[in-house]
Every structure is written in C-alpha cells, then in structure tokens.
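One chain, chain A, appears in both complexes that follow, with chain B as partner in the first and chain C in the second.
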Partner chain A sequence: MRKNIENNLMTFIIEKDLIAPNVKKMKEVLNDALNEVDEIDEVVIDMDGIENIDSVGVSFVVSLYKNISNEGLEFRIVNASSDIVQLFKLMRLDEFFIIEE
Partner chain B sequence: MLIVNKEIESNFESVHQFVLKVIDLIDKEKIVKKQNTIFKINVMLREVLNNAVEHGNKFDENRMVYCRIELDKEIFTFIVRDEGEGCIKDQFYNVGDGFTMKLRSRGLDLITKYGFKYKFNKNEIVLKYMLDKEM
Partner chain C sequence: MSHNVVVADDGKMNRFIIKKILNDNMDEVTIFEAVNGVEVFEILRNNDIDLIILDLIMPVKNGFETLKELKANSELQDIPVIVSSTITEISSVEKTLGGGAIDYFAKPFSKEDIEIILPLKVINAIKYYEQKKTIKKLNEAIEEEMKTANLFQNLMLPKTNQFSDFDLFIKYRPCMGIGGDFFDCVENEEGFWFMIADVTGHGIAAGMISSMVKVMFRNGVNDKEVRSPAEMLGNMNHNVFNYFYTSATDTSVVFTGFVGLIKDGELFYSSAGQPFPVLYHKRKKLVLSLKQTGMNIGFFDGIKYIDESVNMDNGDTLLVYTDGLFSSGKSSDFSSWPEVESFSRENSELLEENPHEFLENIFWHFLSKHKKNDSDYTDDVAIMLIKSK
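What follows is the complex of A and B.
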C-alpha cells in the first residue's frame, strides 16, 4: 500500500486485494499512517488495483470510514471497479460516503 | 457436470487460493456469459468458505472445509460443508441485519441480493444459481 499527502488530502493506494488474508496488515499500515499526520481534511482510498474483495475487506473499509469520520475528516473511495461499486451500493454504503469508479 | 470437488484447509489463505482456481476455471471454460456473474460467484464463495473456516471450523488445522460445485442445465450448485458443530447459519450470519454500517453481518444478505438461493442443513450450506437468470 502506498500513501500520498497533498494539499491536506491523504490518498492511500491499495495494491493488494481487499480480502481476509490481507486486511490485518493493511489495517496496521493505515492506522500508523493516520497517526503520523495532523493536518489533513480528507482521506481517499484508491482501489484501482483491487480485483477481489470479501466481507472482511468491506468491514475494513466501513471501520476505516467510521474512524475517519469520527475525526471530522471526509472519506472517499476512488477508482473502484464497476463490480465493487455495485457491491458497495447493494450494501448501501454509498449513503455514507462517496464511491467513484 | 462436476466442476470442483475439493477439501480446503481451515485458513483464509487456502480459501483465497481455492477461489482463484475456481474463478480461473469458470472463466477459461466460458461457463458463464457475464463477467459480473463471475464476480458474484467469487464474492459468494469467499463469503461462505471464510465463514466455514472462521465460524464452523474455528481455524482448526485438523478440520477441513469441503466444497463441491456442479453445473446442470444452467443451474450452478455449490455445496460447502465444515466440520464444526452445525447450525452454521446462526453461528456466522446475522440474518436480517440488512445493509447497515454494522460490521461482519452482511454476507447472507449480499448473497441473496446477488441472486443465489440457499438452504442450510446442520454444518452444510447448499446454494443454487440459475445462469438463465443472470442479472
């Protein structure tokens, strides 16, 4: 996973599938990165590299959204595949945060 | 037509590797017409197998998860069985929680939304998917 900070916007580029075997490590990396920075307004998750997802991965995204929104920050998903966008919409997650293809 | 009949070790990585092989097989053999259906099967299999590993077998390396996939007259049948105590429905799916922000309770709702019909029998779940009704 790579991160980029620019103009108070932190972007995480996820390069591995959002599935059960990968989530624990992702969580650690993301939490460490979020604890290191102060002055950001928005967190963006770039899902360009994700082909596979499961409910552990979805729960990770939801948990992340909750933590970030509790800090008063904006949260957005970008570059998700059409299948993943559809999955998130079926789960009505688009009611909570923006999901872009 | 039998597509897969296999036992899987009780860990998430084994589930991942198994699902990749199944999806690759279905894709190469052009069994389904829509790529979206392959994605749905991918998500469904991960959901059911991960739950069998976590809640059925409780990650016990001495227990296996059994998976059989058949295709007959445009109807897919997926049978997943663990070696747990049974009643897997109650163990790992909170049916009826809906699509809220609640964590780890969405699996069965999503599978239903994807068009899979399912039936539980103790520590076994049987799912059907009709290819002629691909959504």
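What follows is the complex of A and C.
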C-alpha cells in the first residue's frame, strides 16, 4: 500500500486484494498514517490494484469510513472495479460515501 | 520451587561431583541416583522428574538405550535429558543430540564446567521443561474448552428431520472446532423461517456472537411485530447496537445474514451482505441466483432492509452458504459467488436426486481448487439445502 499527500488530500493506493489475510496489516499501516497527519480534508482510497474483496475487506472499508468521517473528513473510493462497485451498491454503501469506477 | 533430578552414572565420583554442582546452584533440589538405565526407569515409575543427567557408558542398560527408550515413551519423552560422557567423538554427540538429548557435556569436568557451564545447562534445561509443561497444560485446557464449545454449537444446529414440509441437508465445518457460521430453521403457523449468517472472524469470539444471533433470530420469529425477513434483519441490526454497545466508529460485531420465510409456495427473503443463494426449480429445471443483498449487520444503526419474493413449489430446492466456501488463505472473494450458481446448474440432476452427495461434491469442488493453490479452507464453511417436500 502506498500513501500520497497533496493539497490536503491523502490518497492510499491499495495494491493487494481486500481479503482477510491482507486486511490486518493494512489496518495497522492506515491507522499509523492517519495518526501522523493533521492538515487533511479528505481521504481517498484508490482500489486500482484490487480484484477481490471479501466480507472482512468490506468491514475494513466501512470501519475506515466511520473513523475518517468521525474526524470530520471526507471519504471517497476511486478506481474500483465494476464488480466491487456493483457489490458496494448492492450493499447500499453508496448512500454513505462516493464510490467511483 | 523444588525440582527432582536423576543423576545416572556408574561412577561414584562423577555422581558426587554432579550432585555437588546441583546442590550448590539450585535452591531446592531432590537428587535421585542411578547406576544404570534400569534404575532410571524404576525412579521414573514412582517420581515426577524434571531432568535426567545421563552417562552413556553404563552396565546393564547403557545411556544410548536408555535415551532411545525414554524418547519412545509418550509419557516420558518430554523430560529433558543432558548426556554426560567420556566419549568425545562427534558421532556420539550427534547420535545423542539427534536422539532427543537436550544437551551434552564431556567428562572429566574442567573448572569452568563445574562453576559455569554445567550449572547453566541444568538451569536452562529445567526452565525449558517448565515452559513446555505450562504450554502443554494451557493447550489441554483450551482443547477441553473448544470441545465443550463445539458440543454447544452442534446442539444449536437444526435437526435435519424435524420439519413436516421441508427436508434439510447441512454441511458445516468450522475451521477451529467452533465457528462464526450459523444457521437455524423454525416451522410455525406462519410458515418455515430460516436464517444463515456468517460472523466476521472465526473461533471462540465469532462462536459467542453466533450464539447471540440464534437468540435474536428465535426472538424475531416469536415477535408478532416482525412480519417479514427484512424486518427481522432490521431488528437484528438495531439490537447489535443495543446489545453490544458498539461505538459509532466500531465494526467489531459484524455479520452477514440471509433470512427467508417460505409460505404458500412463495419464498420471501432478505439479505444482509450474504453471498447469493441459489434456487433450483424442479418443474422448470431452472437454476437461478437470488441476486439481492443489503448492508452487513453491525455497520450502521437504523438500516432498512428490502424484502423480495420468488415462487418455491414442492420439490424446489434452495442452496444457502457462507463465503468460507471460497476462502483459502490466498483468495476469498466476491468474484467466486457466480461459481456456486454455475456448479449448481451443472449438477442440477444430483441436486434434485441426491442432495447429500451434492453438498459433499460442492464442498470438495471448492476444496480441490484450494488444494491446487496449496491451501485449504481458512474460514468456517456452512452450506445448507432446503428442499420443499
């Protein structure tokens, strides 16, 4: 996972599938990164490298959204595959945050 | 803490020196003396021994034979053995250490051996044995707890032959003896209620939550205000926030679920993130996925779920399952959901004629895919077939 900060926007580029064996490590990295920064308005998750997601991965995204929105920051997902967009829409997660293909 | 040590050596002077080293360096030690391997086993029969210091060359039964016999005995094999010998060639050292001795020292003893090396080797060996015993005890206690928890979990599963209008076929494999997958069925005057759920994670914590899911499901069935599967899921979701006091940012109590109510030839259903169930229509020879889902339970309070319905005639069969079916440690994904439908279509004849065999086959189909990736199921797997009589 790579991190990029530019103009009060923090982008996380996720390079591994969002499935149970990968999520634990991602959580640690993301939490550490979020604790480090102050002047951020929006957090973007770039899912370009993700083909697969499971229920642990979906829980991870929702947990992330809750933490970030609780801090008063915007949250957005970009470059998600059409399958993942479809799943998130089926779960009606698009009612809470923006999901872009 | 007192320790019992056996000093096995046919040389009186050697035993004396070792005893002195032990007495000088250990707070409380009881020393048992043996002059051959036979006497070692006599001592072991009547005492709990923490360490054996074993000479290799002894009459009657030598150290090599004694070590071999000790390591072949499941009750004695964990006791650490330090071998002492005048034989210093490397092949003997290799033979004893390879045969399970924890350490080795050569005789005659040097000043450093007596003052430093031997005391440290003894203390380290005893510490190692203490830790090993503690771990073994803990493992036994955990195993016992798991067995009891597994028994309770099995008692929670529905009995397959208890329903008048439906046959039930179940395949359940928790990956740690107890799991977070859950299903239950209730037949009452309203119809046939059922639920399958998959608590995030596995093991004891997930098992505890799945017990709670069962209680919520049964309460929902008996609640006259709950009129549909979607209302059932909505109530459960709200109750998760009530019962578990989860904070606004927490997602520690999360599960997917699918609730159905079959009445008068119609299946009413609602889903909370569950992989799409597959329905087999016997008369039309048609296999279709119920492609509707909502948000996982425990994500956000106040969520409304959606009811849908589909015709389910006599002889039709519904397949519900958890996503553990796809999880192998290397891949576990939403993209595998359609494969359950295609497998069911290809095996629809078996699904109709022999549901038991169908369940086994679908389980082994996905397992063999995992095996190709040198993996195995790493999540709980639950598959259930409901066949309308």
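Methods note: the second predicted complex is superposed on the first by the 101 of 101 C-alpha atoms of A that agree within 3 Å, B and C clash if a C-alpha of one lies under 4 Å from a C-alpha of the other, contacts with A are read in each partner's own complex, and residues count from 1 in each chain.
Just so we're on the same page, a contact is a pair of C-beta atoms (placed from the backbone, for glycine too) under 8 Å apart; a residue touches a chain by one contact, two chains touch by 3 or more.
Quick caveat: nothing in here was measured; it's all calculated off a predicted structure.
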Superposed partners chain B and chain C on chain A - clash or fit: clash
Which superposed partner A:Asn31 touches (first chain B, second chain C, both, neither): neither
Which of chain B and chain C A:Ile19 touches, first, second, both or neither: both
Which of chain B and chain C A:Leu90 touches, first, second, both or neither: both
Partner chain in contact with A:Asn70 - chain B first, chain C second, else both or neither: second
Chain B versus chain C as contact partner of A:Asn8, first or second or both or neither: neither
Touched partner set for A:Asn52, first chain B, second chain C, both or neither: both
Partner chain in contact with A:Val62 - chain B first, chain C second, else both or neither: both
Shared chain A surface residues [contacts with chain B and with chain C]: 17, 19-21, 52-56, 58-59, 62-63, 66, 83, 87, 90-93, 96
Residue numbers on chain A that touch chain C, as the complex places them: 17, 19-21, 51-56, 58-59, 62-63, 66-67, 70, 83-84, 87, 90-93, 96
Chain B to chain A touching residues, read off their complex: 12-13, 15-16, 19-20, 35-36, 39, 42-43, 46-47, 50, 99-101, 103-104, 106-107, 110, 113-114
Chain C residues within the chain A interface of the complex: 198, 200-201, 248-251, 254, 256, 273, 291-296, 299-300, 303, 323, 326-327, 329-335, 378-379
Sites on chain A touched by chain B in the complex: 17, 19-21, 52-56, 58-59, 62-63, 66, 83, 86-87, 90-93, 96
